[in-house]
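Next, two complexes with chain A in common: one pairs it with chain B, the other with chain C.
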Partner chain A sequence: MNLKDLLSPFYVWQRAFEKPYTSIRPIQERPGAAAYRGFHINISEECIGCGTCHKICQNDAIDMVRVETYEGRSGDSGLRPRFDYGRCCWCALCVDMCPAGSLRMSNEYTWITSDPTEFHFTAGVEHTTWQDNPLGYHRAEGYHLYPPKRIEMEMLPPEVSVQSFDEVVAGYSEPQALLEADRCIECGICVATCPAHMDVPDYIRSIRDRDYEKGLQLMYRTNPFPATCGRICTRRCESVCPVGIQGEAIAIRWLKRFIVDQIQPQDYARILADQTGNSGHRVAIIGAGPGGLSAAYYLRKQGHAVTVFEAQASAGGMLRYGVPSYRLPDADLDKDINYIVSLGVDIRYNTRIGKDIRFEQLLQDFDALFLSTGLSVPSSMRIHGEEHPRVLSGLQVLADVASGRDPGVGQKVAVIGGGNVAMDAARVSRRLGAEVTILYRRRIADMPADTEEIHESQEEGCHIVTQAIPVEIIAASSPQQVSIKWGEAEMVQDPKGGRPRPVLQEDRMHVETYDCIISAIGQGSDLEFLSKEIQDQLAIEWGKFAPGEYQHTSLQKVFVGGDVANRTADAISAIEDGHHAARGIDRFLNPDARTHTDQEVN
Partner chain B sequence: MMSELLDRLVRDFGVTDITERPPAITTLKVSKENGERLIRELRDREGFTHLNFIACTDWIEDGIFRLIYMLHNYDSKQNLGVHIDIKRDHAEMTSIHTLWAQAWTYQRELREMYGIHFPGSPRLEEDFCLEGWDAMPPMRRDFDTAKYSAERFGHREGRVSLVPRDHMKVQLYPNRGGDES
Partner chain C sequence: MNSVDEILDYAIDQEQQAADFYADLAGRAEKAGMKEILLDFAAEEQSHKQRLLAVKAGDHKLTPEQQVLDLKISDYLVEVGASANISYQDALIVAMKRERAAFQLYSDMAAKVPEGHLKEVLQGLAKEEAKHKLFFESEYDDRVLRDN
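On to the complex of A and B.
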């Protein structure tokens, strides 16, 4: 042994402070690539719990679980995806499919634990270190697994549509409907939002299967007015359709119409095969609008005898007298109504309760009553001179046209209001050859009318003047004309945070003369047919009923529904009210048939 | 120069569907019968000496697998994708392991993932990455992944999934909708 051998172990130490040639493992982290498909991130606030990730997952790795924070939101199931990493294969189909665009992946890929029951978490709800990681796999901009744009609907060009009362919307052809139906992801979020809770994904599927008879059967489970709703429904379903978040909502209304249009009226009885027995009970319905006739349909299916009292000469209520035929042709409304009537519904036309028959008489003669009398009294503009004979009501103009009478609007018309009645009165006047100005007190964005109706009325040549407040109606030099004084308005922010309020500018007044002024600023109920005593018992607030759980009232055997009893005042809500009242009436008439889980009605 | 080559390939090999895919990929289609001969010609005479990869797409609706042979020319920096459609039933293709030794690895993978046979290719039947796989080749589109995983893998206890539509009915409108009428 020499000195070198003795010292050599110590020579090693001289390198101890040099930079090592090797890398340190496993302490040094190795991040995934920027677009690596690592652990999931869900932006829970943007997620709507549609469950599409769960459905598309090929490994059954995603559950939809309740997360209380998100319950009760509109268009949101309140569920959120929970990932089982014992099954996930990181294929990212869930990310590619997510209609809300809330789901993506981080580039993190290490999760070390000694507990094999872990690797199971609700992304975006439970804390993870990767939730805020900006890297990882994102779906590329503009990349969709389904076409984000809806199939365009063909319509009459405005220069043609304004010439007649022909239907403006053409309806889908079969190839168009199949393509549009194919965009539906079948999540069913829309079902809760639809007032009637129609089985939307199921009837859209029937289009894909080209089984239109099945589609019709599905629609009648919840709505005996599909030909009508397929044309004029307010379609709240489409406003929550998840496909609409990153693209255009499924054209649910047009698909509904497509199904009905494929079926001939003479085939309804065979396809629907509705059974009507005889329960021995008699139900009276006041008003043959969508609410009354929907109740009539379901009551007949329960076997009850139904008599409908209708003040007008035809059935349909606002659908016939308020919606012009270029939006809802008579033949299509009749398709719905005739089938309901064919089940043995007795309609007494031209019979006004309170005038031709006393309400108390009905209370005495029938086992149950359903009141669905609608809103038929035009609201007053509350300005001086409005009783002038050349001031017409929008409702009257529409009713005249629907009945084949000339409302005599003249050549130059002003329409006051911004709702659907105002738009329809304006478009009807255009078709009668008039020049039309619409005066509205707020802005176009504030108009309660459907956006499409506003757009189409403008296209058809109606001139909209916004922030215009009517001040006074003045007699013109000719009795065939009338003048209106209106003032410009400034929109003033509400300090309490409500919607901006129009404030009249006294120094900016205008006076204009027209052949007629059509007032269409809303409508109220006509409850004259009820005695004071009965009105008191029915809990009427602001001219409307406030019904209970099953559309019932405090007056035993009286049920109410439709525009006169709800806040939404649209056809589909009235249809649901009628359907639900039929359930309530059936439970009231057959108390023994109630199951122990049912709640009391009266 | 490329267009001259392509013209000749059309004439001699019946090549169709020539498509330029920027920045520097040209794809073309050739019949199964002319496929191996064309690839050999490209390698030996046209400078496409490198095989990037062999891939496959399952066009189940058309009843075919599309094989994609991606070739590279180091001199011209050109990439040429040769597309060859073969029938899905009893899928079979001429092996090119004699042209590039590494081709047998790709072919072994294609056998495992799609069930395509390459007669004569070495070690073709050996497992590649799916050890002990005994089901339908998993990259075929008729392979039902969800069904397979349901049958083969255990279920974690306590897992429950709610259906959004049904859950919303229970929460928001229990007595309404179409279930009772």
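On to the complex of A and C.
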């Protein structure tokens, strides 16, 4: 240490006797120019706490702080930016970048206080005199620091897509994927919303780095069905992506698909390098759908021996027998499934528990059980005449098509319902050459099906009649046909709040005749494989299991998940349930292990 | 039955019978989770009975003039049996149909009596039943027709 360093603390004393460095307050206030970059204004209700302002700030002038009011809001981190005017250089990068458009600047620049620690404030949360100031710097209308529109996805034109069961979506090319990946602002809001908490910003970054192997590794940490989810995921992440507030959300699903499409199946083992030891424990899984197989994958990585019992001849559950190949080709589903099976998962096909093997037998033979049996019983409309042979179930039509059988829908089809099954049954019928009308009791905006699917079904020529309530099925003059009586509905506000309800207008009834009516109004569980005694011991509400922590039930060895145990009934939730249950089963089997971190399971 | 008290006693007895009906069905219910649901239905009927007892005691007034939304869901559904193996959907259909029948009974009776207090009470009871029907029909709309 030299002498200068030693003495430097004392130099500061010289300053004690100098005139202070403060500006003289002008006698007359001098307002900043109309577009001056003064103190920040944030509309807290519009801000979603994405932290992009914090990330882009080159002076570390923004900290994200927790604000209770906003905690727990969907698509909101519950954080808000706190500005440090000892650091801010008024560049306005934060304003230009803010995807919510909630942040701007006032034209005020004087803030007089004797307490230097005061030059911090959480804009829009702490009171300031300039919060309502309309002047100051705003991002120019239409200007964005990143491209607001997503890279368009190439698709088969509808007149071609209805000719075959070929995949409709082409997938991004590398240049397209790079451009789309480049729009991600890496805020991570999506991670919290994704049921499986996939590491979205990092796998998107792997595209920018052209390191697709890394991307695959990141995805498998939380989801062993990326080829599938890259095609048919319900993409809750995209619904909260802040880029979508003023533009179009990042095409997260298509980017996931892009990564998987770059990697050949034979390279998976080398890239993922999954280790499977031998714990000595045996786990039985009922159902080879995404829930069951996700659990199988993570359980194998924990070293447990896994046997899956599946009633059908192939694995995949509703992804195989429900979702048609024009949305999810078999080869892509198989890419996911084959890798899971390659880790030594033993699948016993054509084996229905409750019929071929008793459930109690599994309880005896295995150390733990995971049930992911899905929803396979089509709901009934309970209207007169429903048992007519020309009333088909949507699930059956789709299962027939998936198995290469002709469901015999005829030339003129009515589909009842507004969910995924209804849209798929309608689009499949179009591909089989039928003219299709979809009858739905509410409005398009109320349809539970994905908006893209609704749009694509319309493009492909399905005619959607909304606010149409079926009231009766009537025999037609030919046994090959069937008539339906339906009435128009008015949407009426529920006096207790909640979504508007359709009310039948009895003076506006219609009767139409079709070659078949496909009923696709929902599906329920089949728990007949469990004896009454077992059912009584499991918490079952509205026909679904209601598991506790780690998908555990009150039956010691039994864990449950997937459609039969969650409210969301989509693939990604089933996948997460399987992963979560695998963690729970590992804890259950190794109660004495010191730690059960996610890392162990991954 | 021509005095107001007689009518109210009848209505109160009907609610009790409905509560007993669901409680009995709950005792026999085979499907998992149905026991609790049917006991909830029984409790709902008990609360209707309490309301009518309060009306009889003069602590509460019926509101014959009130408009009640009619979703008309039960009107077009098939009759289903109340077996031990009843599903949630069918239990709701049974409940909606029972409330609808009661609504119709009081409405028909009200139409037959001359203007006056008795008519108002009958109309008030019909509105009560319409509200109960709306309760079960809303439940059906929310749970059974959730995806539809």
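Keep this in mind: the second predicted complex is superposed on the first by the 568 of 602 C-alpha atoms of A that agree within 3 Å, B and C clash if a C-alpha of one lies under 4 Å from a C-alpha of the other, contacts with A are read in each partner's own complex, and residues count from 1 in each chain.
Methods note: a contact is a pair of C-beta atoms (placed from the backbone, for glycine too) under 8 Å apart; a residue touches a chain by one contact, two chains touch by 3 or more.
The model shown is predicted, which means the values in this text are computed figures rather than measured ones.
Q: In the superposed model built on chain A, check whether chain B and chain C fit or clash.
A: fit
Q: On the A-aligned overlay, A:G418 touches which partner chain: chain B = first, chain C = second, or both, or neither?
A: second
Q: Considering only touches as defined above, state whether A:R441 meets chain B (first), chain C (second), both or neither.
A: In the superposition, A:R441 contacts chain C only.
Q: By the touch definition at the top of the document, which applies to A:V564: first (chain B), second (chain C), both, or neither?
A: neither
Q: With the two complexes superposed on chain A, say which partner A:V341 touches: chain B (first), chain C (second), both, or neither.
A: In the superposed model, A:V341 contacts neither chain B nor chain C.
Q: Between chain B (first) and chain C (second), which, if any, makes contact with A:C237: first, second, both or neither?
A: neither
Q: Can A:H120 be said to touch chain B (first), chain C (second), both, or neither?
A: After superposition on chain A, A:H120 lies in contact with chain B alone.
Q: Can you work out, in whole Å, how close the C-alpha atoms of chain B and chain C get once everything is superposed?
A: Between chain B and chain C, the shortest C-alpha distance works out to 27 Å.
Q: Would you pull the chain A residues touching chain B in the complex into a rising list?
A: 49-51, 54, 57-60, 62-66, 71-72, 77-79, 84, 86-87, 117, 120, 187-189, 191-192, 197-199, 201, 218, 221-222, 298, 301-302, 549-550, 576, 579-580, 582-583, 599
Q: Can you check the complex and tell me which residues of chain A touch chain C?
A: 379-380, 382-384, 386, 416-419, 440-441, 448, 471-472, 492, 494-496, 498, 501-504, 506, 521-522, 524, 527, 530, 532, 535-536, 538, 540-543
Q: Of all residues in chain B, which touch chain A in the complex?
A: So the residues of chain B in touch with chain A come to 145-146, 149-150, 153, 156, 159-165, 167-169, 171-173, 175-178, 180-181.
Q: Can you check the complex and tell me which residues of chain C touch chain A?
A: 30-33, 36-37, 69-72, 75-78, 80, 87-90, 93, 138, 141-148
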